[in-house]
Amino acid sequence: MAKHKIIMNNVSAQIADKAILNNISLRVDDQEHIGIIGPSGSGKSSLIRTINGLLPISSGTIEIDSQTITASQPSADCSKIGMVFQDYALFPHLTVLENLTLSPTLRNENSTRDIKDRAFSLLDKVKMNGFGNRFPASLSGGQQQRIAIARCLMTEPEILLLDEPTSALDPEMIHEVKSVLEGLMQSQLSIIIVSHDISFIKTTTNRVIFMDEGKKLSDQATDLFFTQPENERQISFIQQLDH
Amino acid sequence: MFDLLSALDFLSFGFYPDIDKWRLVLAIVIIPMHAVLTVFCVKNRYRLSYCLVLTLGLQMLTLWLSIGDGAILRSVKLDELSGLCLNLLLAYWSIPLATILAAGICFILINASSKSLAYILGLFFDLIRSLPLVTLLFFNTLILPMLFNPKLIITRLEAAWITLIFFLCAYTIQIFLGAYEAISYHQHESAKALGISGWKKYRHIDLPQMLKHSLPALISTYIGMIKDTTLVMIIGLADSLGNLQLLISRNAYKHYYIEFFFILGFLFWLTCTLCGWWGKQLERTSNYGKT
Amino acid sequence: MINSNHRILSIVLWLAIFGIITAMISNLHLHISRQNLEFGFDFLLQRSGFDIGDTWITHQANMPYWNAILSGLVNTIIVAAFGIVIATLLGLVLAIMAKAPFVIIKSVSDVYINIFRNIPLLVQILFFHTLLINTLPEVNNAYTIGASYVTNRGIYLPTTSPWVLIPIITLPYFFITRRIKTGVFLSVISIGILYFSQWEHPVLNRFNLSGGGSFSIEWLALVIALSLYTASYIAEVMRGGFEAISYHQYETARALNISYIKMMRHVILPQAKPIFLPALLNQYLNLTKNASLGIAIGYPDFFGVTAGTILNQSGRALEMIFIVMVVYSLVNYFSITMISKISHPQWKRHV
């Protein structure tokens, strides 16, 4: 069981000479669900962006299965890593079905028939049956986010990165997306989720990482995180949450 | 004798042989048909490659109809192609080709791993944009025959055609690059997260959005191109304006110059207005579910 | 793998560009040596051997080629300057009309913009040229206005020393900035100068007019057509600027009971100006480039002189192409730099 899926060693990253990640080491096991929390601008999103290569790292190494990412060797094989963005980022010129099938079709992995079948079953899973021929612009935010989740599952990823999947949504829509995400959390994927929704993190993750100013301040099992905080910053953050 | 019909005939067909006029008429009729077909393709969301094949096919067809000499068709001299048909065909032969060329060059400019290559290409098209079209037309008729092998004879019509394509291409590239900047970075990120990159990303994600964003600017550039085809008169091609000048220099038509200018102006106005209307239709059909 | 593909693409393209340029240079070289041409700019100092009739800087046959180029350049600048002033004023009027609350006034502006934008500029230039030549009288029965003559060859005006013009040109500045006293004072002085200065009147001979200054009919046709054509574009640009301003501004102005013209002058225009200024300057650049179309009616502007007369006279095609390219690129480069400086957000903040 204790096979490491992702191993990050002393990873740092910067954007235009401003350090945003500072010497972070992290291990993610197979089928482990990890939540990352922390104040805005603490580098949570940047951390998961380094894993699928959206943000190049400046030092350290990231090992994903057998593949190693370093500063000089940035490109990763993204097919095992799926990512869901805060603002859905669906392709506006393609229909829902085309959004789902584009990436697998371009990689010629399966026959078109199989890809379509898979797309329909995933649409079913996110409760978006019958929306295949609609354009993203005609859907609500919650519907778009569910499509985005289905789209990233199309490539059959082993690791799932969720970057604040519910932050851009109205309260009503959050509910429908959360029910889909809860279904996902039952699955056998390694999942890293960045979210401000503490109750959701509490119920669905095994481990919580607390970050501030680009540093990893604590890394505890979920139940311990809220009951036995490790350091001052974390205590004040949790107190803020209660109010 | 004042003969309006023969004057109009001269304005629109010029020196094209009478027996072959049906060919020219057919070629001209293909242009609006192509425009309608394009709207149809966009509406039914056919693949870009089908549209490309359709466009190139129709271009070849009009070329063959108007100046080709196949087994069926008599040979027509290049010089005989004149009048308003020359304006319309020149515009039709340069607009799609320039757009396709510009889309290709934009791919290089966006994705080229060597910055110097992008710089050289950018500089070349900047130079074209900084010069007025007349100067380009004028000099290309002089200099293009010098730049190519002396055995290869480049006529004025071909020089004008090449010039128009590159001139339009330079402006289209700028429009496309602006449209590329307008694509949100989320699109690039999600493409990367899905493992789509390089030509596939350009073809399936960037280009369709660029075309949509740039449509209004593209259409006004196309209208500008239709108007600019009259400049070939200055290098001595017998386009509609050249024919008009010839016509009103004759004694019989001398006093009707206002009428002739109005007729020609109206024809250009009509063409440009139709092109603008076509652009509106295209914009409406490529609306992607937005209301 | 993707990166290596791109590298191959770059190398192939580099080779292609290099190959094309080499082939072209060798062909050019072949051509030059075959026709016994030579390349060099020293001929510019030689005697030109042709007159240019319609210039602001005199050019005669015994003057060198570079003087002809200079006078052509000055001609282009003058055409552009007149065109820009007229087109801007007309465009402004049309844009204000387009936002006017009366349907008739609005549709006049719409129709104007629609027609003049959709007819080729060259058609308009040739039309006005033909129209002026055919409607204005011959020299021997010219219209006379005071000491000036209007004929189908041009407008002939009495002239005096150009320095006299300086107070007259600066007059509007003082009135616009509301320094009325200085303005009145200057007007009195300039009327005095005009009255007492030495005037050279055009003299009507049997077949021609001599003396004085003139605007040729080509110049007139070119300026009219360029201004009318560009005005339609400028009107469109300005209208875009007006539309970019929140409708609250219009409503507030109406609520304060400000008249339409005053609202435009004091409320809308100052706000719209920084929005449409870059596009407006771009239209000025277009107008300047379009002045090269004067070659179609034989107006000796920069392009007409270099590519038309000098090229025919001396056969120096490559050199003339080089000069034209350099001059237009420089003009373009400086205008674009200026435009991008003006549209820079830091500048906007100061407005």
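By letter and in written order, the chains are A, B and C; residue numbering begins at 1 in each of them.
What we mean here is this: contacts are C-beta pairs under 8 Å (C-beta built on N, C-alpha and C of every residue); 3 or more make two chains touch, one makes a residue touch a chain.
Source: prediction; values computed, not measured.
Visitor: Please categorise the chain-chain contact pattern as a line, ring, star, complete graph or other.
Guide: Topology of touching chains reads as a line.
Visitor: Across the interfaces B-C and A-B, which one involves more C-beta pairs in contact?
Guide: If we tally the contacting C-beta pairs, B-C comes out ahead.
Visitor: Go ahead and note the Å separation of the Cα centroids belonging to chain A and chain C.
Guide: 59
Visitor: Using mean CA coordinates as chain centres, what's the gap between chain B and chain C in Å?
Guide: Each chain's C-alpha centroid was found; their separation is 27 Å.
Visitor: Measuring centre to centre with CA averages, how many angstrom lie between chain A and chain B?
Guide: The computed centroid separation for chain A versus chain B comes out at 47 Å.
Visitor: Would you mind listing the residues of chain B that make contact with two or more other chains?
Guide: Answer for chain B, listing residues that touch two or more other chains: there are none.
Visitor: Please set out, as single numbers or ranges, the residues of chain C touching at least two other chains.
Guide: Chain C, residues with two or more chain partners: 2-3.
Visitor: Applying the document's contact rule, which stretches of chain A touch chain B when the two form their complex?
Guide: 52-54, 77-79, 81-83, 85, 87, 89-94, 102-103, 106-107, 134-138, 148, 151-152, 155
Visitor: Note which residues of chain B are touching chain A in the complex, please.
Guide: Per the touch definition, chain B meets chain A at residues 184, 186-187, 189-190, 192-196, 200, 204-205, 208-209, 212, 288-291.
Visitor: Show me the residue ranges of chain C that touch chain B in the complex, using the header's touch definition.
Guide: Touch list, chain C to chain B: 2-3, 5-7, 9-10, 13-14, 17, 24, 27-28, 30-31, 34, 114-115, 117-124, 126-127, 130-131, 134, 289-290, 292-293, 295-296, 303, 307, 317-318, 321, 324-325, 328-329, 331-333.
Visitor: Which part of chain B faces chain C closely enough to touch in the complex?
Guide: Answer in residue numbers: 108, 111-114, 117, 120, 127, 129-132, 134-135, 138-139, 142-143, 146-150, 197-198, 223, 227-228, 230-231, 233-234, 241, 244-245, 248, 257-258, 261, 264-265, 268-269, 272-273, 276.
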